[in-house]
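Quick heads-up: structures coming right below.
Below are two complexes that have subunit A in common, paired first with subunit B and then with subunit C.
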Partner chain A sequence: MSDDAIQVSGVVKRYGATTAVDNVSFNVAQGEFVSLLGPSGCGKTTTLRMIAGFVEPTAGALRVNDRDVTHLPPEKRELGFVFQNYALWPHMTVAENVGFGLKLRRKSRTFIREKIAESLSVTGLSGYEDRLPRQLSGGQQQRVALARALALEPQVLLMDEPLSNLDRALRVTMRRELKELQARMKMTTLYVTHDQEEALSLSNRVVIMNKGRVEQVAAPYELYENPATSFVADFVGITNFLEGSAVGVDGGSMGVRLRSGQVLRAVAKTAVTPGAEVRALIRPERVTLTTKPVDGENVLSGQVILSEYFGAVLRYSVRLDGGEILRAEVHNFDNFVETGAKVWICVLPEHLRIIPQEGQG
Partner chain B sequence: MIRRVLPPLAPALIALLVFVAFPMLWVVRTSFNELEAGAYIVDALTLDNYTRFLGDSWYLINTLWFSIRIALIATAISVVCAYPVALYIARTAGLQRNILLALIMAPLLIGLVTLVYGWIVIFRGGGLLNSLMIALHVYDQPVRYMWDIKGVVILLVYIGAPYVVLSLLDSIERISPFLVEAARNVGASRWTAFWKIVFPLTMPGLYAGIVIVFALNFSAFAVPLMIGDSNTQMIGLVVYREALLNNDLPFASALSVIMVAVNAMILMGMAVFFGRLILNRLEVKR
Partner chain C sequence: MIRFDFGTAALRLITLLMMTFLVFPIAVTLVVAVNPREFILPPNGFTLDWFRAAWSSKTFLRGMGVSLVLGIAAAFLANVLALPAAMALVRNNFPGKAALNIILMSPLLIPTTIFSLALYIYFVRIGYGSGLLPLLVGHTIHIMPYALRILTASLHNLDPSYEEAARIVGAGRIRTLFSITLPVIRTGLVSSFALCFILSWNDFPISVFLAPPGWTPLPVELFSYIKFQYDAVAAALAGSLILLSALAIVIIDRLAGLRRVLRS
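Entry: the complex of A and B
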């Protein structure tokens, strides 16, 4: 027995010459909310559809609740699925849509009626039983799609960008409701999105995908603070990249020699060989910026080439003396620095993340 | 709305008036005239032409009911033949699909006379169909297809089925594959998903196909004329005979009016039936 509700192992999907999903593996624990996040075309939907059984994997294995489902038809997998475009049956009323799966399971009429009422009340749709899908707004259709999946009490719920067709305000409301619902029902949920805000705010863990591969699987906090690759660092939030070579690698500490020759000290979290080409990642909100000359370790000087005032935050683009552009975001405690000013920037070693350079990436 | 739509349509509306509405009115008017001495049309206002048909049970059974029955049978067979073909074509793409569509439409593009003579080669006593059936021991004496109602039905199906295929195809292609996946996901087998989701959603296409083909079959005249025997008294054929062979235009006109009226009534009945069945749920506005 394993604790994992979903196990994806070495799954590959090829369409002719293109590889949509390339050796993807990850697990989702019982009751966990996991998101698949990545840019358009990275294979999120294909991965989810393989788990649901709509797409046959070229290679690899899929297990759901300790059962090998790799070659099982979709109707035997007992998974809830919410489609991006809702996929409500247009010739059935809301109640018929929600009750269809129960009817197929030959449940009693009273049981079906109660279950429909329950699912609709959970999704806030009581009173809409006899409406047809075309008589509902997008948000209501989305709720029906969710109610339809919940009516069968699936242990595992799969969702493919369920909120992407809603306007922003509704999306935020629905996101909150979804999170509450999932916490209350303790359903294992795998959620596909290309909206990082959605993924970070909803999930226990996030699977970051790029070009059909998994880049990193981690909790939202880990992704942001400890991105495994420059793709993750770049995709989740905004990051500055400074290129250089590793020097003075020594246990928990190391240095990066920048193009200007200056050496930045960093806390070493991954093994790096001295002399290797590396990238130093710095989040814009982690730097401190002053107009007074500062001396000491990890201080970079440069000139502000763009300053933007946003009220609570101030954003600057600074051209470092080495030529690199560094973005900084500071809270509005200090005076606003005008474009053209000479500035000094401090970075703490623990806020520098060193990543070996991957090819041209 | 009407003011903006009308001007560009004017030429078409005038043509419609001149070539359809006036002749129809003329037919209606003629149906109340009398035929004097079997040759001369005399202006009158009489219902004789109508009672001659509607009051005669021979006509009602052998022409009106016969036409309805043959049209229904041919329509039903067309649907049964067309449905799997439409499903199959919906799954194809590219060249294969274009070839199949061309083959489906071919009967509609070849002139009827050519078509009928082609079928004669197949149908006649020692023709392909009989040789095949005898070779397969389905029966051992040649069966008469030509100059028989069997041949009429076969040809009506042959001409009607392409319309049903095309109109079904349109409906099938509108069905999002996600709807089937959603059904499979909640536990429906392929077969259940087809019956509960795909089939109901093809009703608009099925309805359109049935309406076209039934109307064509009910008033068919060329096929019964060329392939039927003396018992094939389909109403379109009787109109033709009375108008052009017997020169009884008033009677032929009355028959035409009856034919159009019965056709319209049956089509309205179908509209109500299909509307109740499912279309009212699907249609936005009609």
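Entry: the complex of A and C
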């Protein structure tokens, strides 16, 4: 027995010689909002479509509420699905679209009418019952699509980039509404997106996918603060990578020896063998930058090659003495540093992550 | 000052000539059909006598009935057969797909007369000869490629997520077909059915070879009439059919949009 609403275990999808989804496993707890995040072609949509039953997995098992659904047709899975292009049936009115699933379940006419009204009021579309989909705007169509899924009170709601066809302002509004709605209804939701802002702001946990594989499953905070791989670090937010080799520094903590020979200290989070090729990861907003020489631990010196003024924030690209380029973002407390200036950059050990280089173990 | 554009003028002239070329025989038929003098032009009056004669001829009315029933049955059968074929071709990739497509479209490549003769010989060999079943089979095979073309185009334009959305809310394959797929592609279905019917209605060679005695479709009936009779009843009948066709085109245009039908 398991409390998880969705269990994806070792799922593989191959199309001929190409592997779209490669041994993907993750769980979604009851009432949890989980996003599948990754660049296009990473297998996130295929994974979602396998859970829905639109695509047959080559290998692996899918369980929904502890029922094996791997080989069930979609109509037997009792799931809600919201499509990227809404997929409202063009020959049916809004009410007919929302009520179709209920009609199939042979519910009474009054029940169906009440349920349609309820679902449309939840999504803010009361009064639109008799419209045809083509008479609605994109945002309204997406609300109908959501109402259609909610009307059946599915055990799990699957959403495939539901906001990506909307313009930016509407997307932000809909995102907030979606979050409120999900929190209110405590509906288990699996959400596919390529938009990291959406994934981070909506989800309890995020599954980051790349090239058909899961890179990391973690809460948004963890993803940003403790990315497991350089792909995650690079995909979520902006990151500086400094290459070097791992060294053990006074017992518990780790260090990285940069190409220049300088050693930076970091708080050890993951075990790395000393001597291994690693990357030191530094978020641009986690550094301090001064024009006065600073001595001490974890100080890098370099020259500003590009400085950008954005009002509230100042962004710099600094060529370090070792040759690497480091991006820094500081709040506008100090004086603006002009291009060409010599600067010193401090990174606290707890703001420096060390991750193994990809492809080398 | 208006500049004389030779290209535009030439294009207009050619278009005009083409239209005349296409419309002239139809116009002549209609003029002959209302002309009191048999087949003598120019006309010297106006009469509906030929129309009256045509529409009171038992032979013609029966031929029309046969053509109507045959056309509806063949169009129905052709679409019922073409729809699953179109679905298989549009939605799947399988070895031999291109070959299957060519085989299904092959009735278009064979001259109808030769195809009809071959079919006649085939039915004689298996002990049928001409008959209602061979006639229906012949018409169905002849028009099926057209249904396949139109339905393939319709299904290409059908977003698969419509069907997926139906499946996920609990509709099985059959329910999805009848509640979602067919209604969504109804324009294509209507166009396909109408075109198939018209093709069957106009067919001459297949019917000549395969129609059994007593079940002669209208075109064959008309042909045997003009072989022996020199009055304008045939022209009046042809005129009626032209007007009916024009009416059908207007109706299809209103229902589905002619441009869409012709494009697919």
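Keep in mind that, in the parts below, the second predicted complex is superposed on the first by the 356 of 361 C-alpha atoms of A that agree within 3 Å, B and C clash if a C-alpha of one lies under 4 Å from a C-alpha of the other, contacts with A are read in each partner's own complex, and residues count from 1 in each chain.
Here is the rule we go by: a contact is a pair of C-beta atoms (placed from the backbone, for glycine too) under 8 Å apart; a residue touches a chain by one contact, two chains touch by 3 or more.
Keep in mind it's a predicted model, so treat the numbers as computed, not measured.
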item	value
Superposed partners subunit B and subunit C on subunit A - clash or fit	clash
First, second, both or neither for A:Arg286, with subunit B first and subunit C second	neither
A:Lys13 touches, of subunit B and subunit C: first, second, both or neither?	neither
Which superposed partner A:Lys115 touches (first subunit B, second subunit C, both, neither)	neither
Which superposed partner A:Arg205 touches (first subunit B, second subunit C, both, neither)	neither
Which superposed partner A:Arg134 touches (first subunit B, second subunit C, both, neither)	first
Partner chain in contact with A:Arg171 - subunit B first, subunit C second, else both or neither	neither
Subunit B versus subunit C as contact partner of A:Arg143, first or second or both or neither	neither
Partner chain(s) touched by A:Phe54 [first = subunit B, second = subunit C, both, neither]	both
Touching both subunit C and subunit B, counted on subunit A across the two superposed complexes	52-54, 73-75, 77-81, 83, 85, 87-91, 100-101, 104-105, 148, 152
Residue numbers on subunit A that touch subunit C, as the complex places them	52-54, 73-75, 77-81, 83, 85, 87-91, 100-101, 104-105, 148-149, 152
Complex contact set, residues of subunit C against subunit A	159, 161-162, 164-173, 175, 179-180, 183-184, 186
Subunit B - residues contacting subunit A, complex	176, 178-179, 181-189, 192, 196-197, 200-201, 278, 281-282, 284
Subunit A - residues contacting subunit B, complex	52-54, 73-75, 77-81, 83, 85, 87-91, 100-101, 104-105, 132, 134, 148, 152
